[in-house]
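Naming follows writing order (A, B, C and D), and every chain is counted from residue 1.
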């Protein structure tokens, strides 16, 4: 497929995030996937785990056990691994001389916040968000230059991606207090392990909140919402959809802020962005419009009665919410066109 | 079916709400459905419109055009009609001497609020929520005595039912300002007309917000949340489920309110209620647990970081959110056991 | 709930079939559930496993380990257990003096067929379909008298129930050779274990065949289709629905058989049946019309071009396909009205 | 996007098939979409009708009324129009000097078969399947050379595509009589008109057969299955999925045919095909593996008990079943690489 481009590795190829990375990279014109690793599924073929891969496009590829030496020789490694695994692999890979995009939560917040919200000590605090060699938080549209030169990118979580793309343009216009976020996610965001609460029989026809008020993405949102951020109320829900995420965020507008100010903030932030599309006020994003793509759809509407702004933001949780943004970041790190391999439009309907 | 019980009529039998009324009443031990009317479907059989009715349980019944004289001779009439139709029929039926449960939005708010939020004048203002012969707002658990003696009950909307059941116990514990409500509904809540945005191809795999910040149920919630209520932020969403509703409400706790205070308020309100079930804090209601039933599941959890309480509330939008509560109210009006005909448990999974 | 009626036990209360038995029996006017047993979930409450049960209607009931002595003292025991467990429990319970409805595949076919299709020897061959004390195959509409007096009823499988209700009336009109059956099932038919292929992320948006041509229900269909049955081609599929089953069966009509003959055969078989509803030719059953109920919808249409008859048959796989039919059979065995506890109409839409 | 490549037009851009053509062509490296026409939606933007299009990739394009002169100046026109419209437009466009891929049923069967199965006379019989200037039936893998030089390609229907890809390799191995086909389709196959039976509330949680035994695709399958084809029994069903199609076909094997013969026939037919993937016997295709792609997954398994072969075949009904195959055919006609613009892998999960 790929020509004499960059050589990358994917670890965690047996999960949904890893499979999505490989789906995107299978058609990437400038990147060659040299290693497909998965600790628990070494020896199995990718096609056996993810039925959409034709034999010649990765389906016949046999997954290997992660090998730091081999991975370290590549231009870049994408880690679609649990955060405990990333905490071990990322430092080792950096030491081995490669660069890393980590899709886990390991390096997105401070070591103290990690310990508090993840319930275990951070074992590589120098790479945590407040460490001396801190990972770059890869919300691409807001961190392009830093990403391009980063050794380690902490790829944002799905909920934080959709939330921050929606709220970051408004930080100067809203009160820090009073941010309330409700969000829904397709089930693939919960990963591939066969949990009883993720069974189709349980999920079909149902919607349920979970994790609130202590979901780990809460602190990630607070960390990256900007200076002076106050605690936010964040409630995620599971919906009967395999892919897709919709964030509904409400914030108190500062006195005197007008609908035009809000619209202008979004225009300033995203008018030229290829992957972030702002819809007119009163039009709401449809998450299926981003299905399979790396795009985000956003809109905002001001409610004069409550003095609040309502921001809704839709992504594919495996796209802009995970693998799509990871490829976007990898492209920047490798000096490639930012949307290379990410051209596909959302599959609608 | 029914013995020598009360004789009732259902108008709007061709819609989802009307069909659900007839499904419940088909097995009601003390009520006989004497008239099944539907202006636009007169002459068709119920079974033709709603495939779950066996011939002998309503499937063979031919729908009739609504006739005020015939309906007026019954003990009670349930109107599952658009609000414009209810505005005409309800006064006429009351004048004809029968009692009415109206499932539309016609009589839930003041005449002025109706004019403002529904975009047309209220043509029977004496029956509006602030009129001299105001309809009783039939949130049953909070209005039993008034419902029992009412001539006209305004059956609450689906979103207000789930929201108010969750927030009413907390009114003394929360600040009036800062209530933010996000909710999801199955598509049957949008009714039976063949709208492009309700097509299966569009809805499947998608979630989308709509109507915010000016959805009509907003003012209904504010009207019935209690004295001193401030404007609330309310954002409804459509999810790919035929039935079911989940409301996620966030409110600022007053200083000094503890989790025990919150739990105690729910216990006081609902400990003995047959249809409202409070789950332990940290357990979230599943809307499918109420599928096909008239039950509501609730829970609340306090977030000390934000000083907010999170209330989640699940109903079947056609059950406690429409026809189930209407039958509950009709039972009270007819002097029957309140849950008669509503015994079925939710169909889970 | 129940008065001084029959006392029954349910074993396997933690599975979907067991929970559905308990859902139906919670409102059964003439039956008291004295024991709720589940080997693997003893000590847990029913409400913890099945969120639709209010506390006072079974939700607070603590499941117990199955105890043959205690169960043996009851009027009847319903086994919603794996066939290996039923092979042990059923003989023991019969020896202890109670009667049994078994929902597993243990006693539906001959011992030899069991050994061949289930891959292990039948350890209670005297109770197999060809044994001296053979279980009665409980396809209720075709075995009422035998069921009423049976010590052990083998409750039919879901696919065989829908298929046989559709084909049994036609046995004299079709050629034995050439029966081709395609069917779809909701995921609850596959049970509650957390299998990777039953994860919501995998099931949503997909349809897949499985088990063909050696699914165990194939031999059950052949065994009970009637004298002279030839092998049938049977292909089941999984669809993204929690409940529901639709069987599409095609058979070659014997020479000279007319559409009227076909329609007449169905009328003869089912005109007075409360739970089997035959739709006009050209109208197709909707499986959702049977959702949560014990009903079956059927229709047949003759294709003169191919000389075949197409029969489609819809049930709820947990209703008429499992727990609903089990309660129907238990009612007969206990001398109760056949549809007692089964009155609820299908929850549509 | 496209460089100095071929200039094409799409008529019917407001339907699902037309939108899918434009989604694929938006990223086609060698084709420029010069005209996007839709008779009923002229003046609206594509993005207004299909929310996945970013403004600069077609979202801002204003649809025009179809104009034969303008279309006739293009290299090729794709008609995603109703067959009545195609019957008018195709001859006119051919006369105007352009080439046409027609996605409707207008030119797939003989004029007589059209009249009989579509219920109206064929108004351009010279282009029908038996006409002197017959359209080439564009089942690409079986008609490459003819497609490449065709003036008019009749793009196959979705059900026939999946069915014929599965059965064509076996024509010499099966008996003509006794072919029984059951199939399921996502709702997008039924098009975009807001029909009551395609409402989400009706479709969600349900599966229903329709159209049998006289669905129009029956005669299309028979026409193109090969010499000596007998009538086939074909039953389509609607499933609660927006996209995707699975065909389950059963045929009687000729005496002496072995599983190896069957496997060999598939290998011969498809070993080198980029878009048709044959799975091992016993593995069943998953339709979601083809989601958004132009691929087909197939497998076959022999049942020695019935002497039948079971073939299952999965496609995206809008992909290989419509727009994907149309682009594949257009590529051949324009001398482009056959899979140009069709590289995307299926979006799974």
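Remarks
To be clear about the criterion, a residue touches a chain if its C-beta (ideal position, glycine included) is under 8 Å from a C-beta of that chain, and two chains touch if they have at least 3 such contacts.
Predicted, not measured: the structure shown is a model, and the values here were computed from it.
Interface comparison, A-C versus B-C: the higher count of C-beta contacts falls to B-C. Interface matching across A-D, B-D or A-B places the copy of C-D, with more than half of contact pairs shared by residue number, at A-B.
As a whole-number value, the distance joining the C-alpha centres of chain A and chain C reads 45 Å.
With centres set at the average Cα position, the gap from chain B to chain C is 35 Å. The multi-chain contact residues of chain B, meaning those touching 2 or more other chains, are 16, 188, 201-202, 204-205, 240-243, 286, 288, 291, 349. Residues 178, 180, 182, 184, 201-202, 204-210, 212-213, 230-233, 235, 237, 239-244, 246, 248, 250, 284-288, 291, 301, 303, 305-306, 308, 310, 312, 349 of chain B are the ones touching chain A in the complex. Looking at the complex, you find that chain D touches chain A at residues 16, 19, 23, 26-27, 50-55, 57, 188, 204-205, 242-243, 274, 277, 286, 288-293, 295, 297, 343-349. Remark: chain C residues 16, 186-188, 190, 192, 194-196, 198-205, 240-242 touch chain A in the complex.
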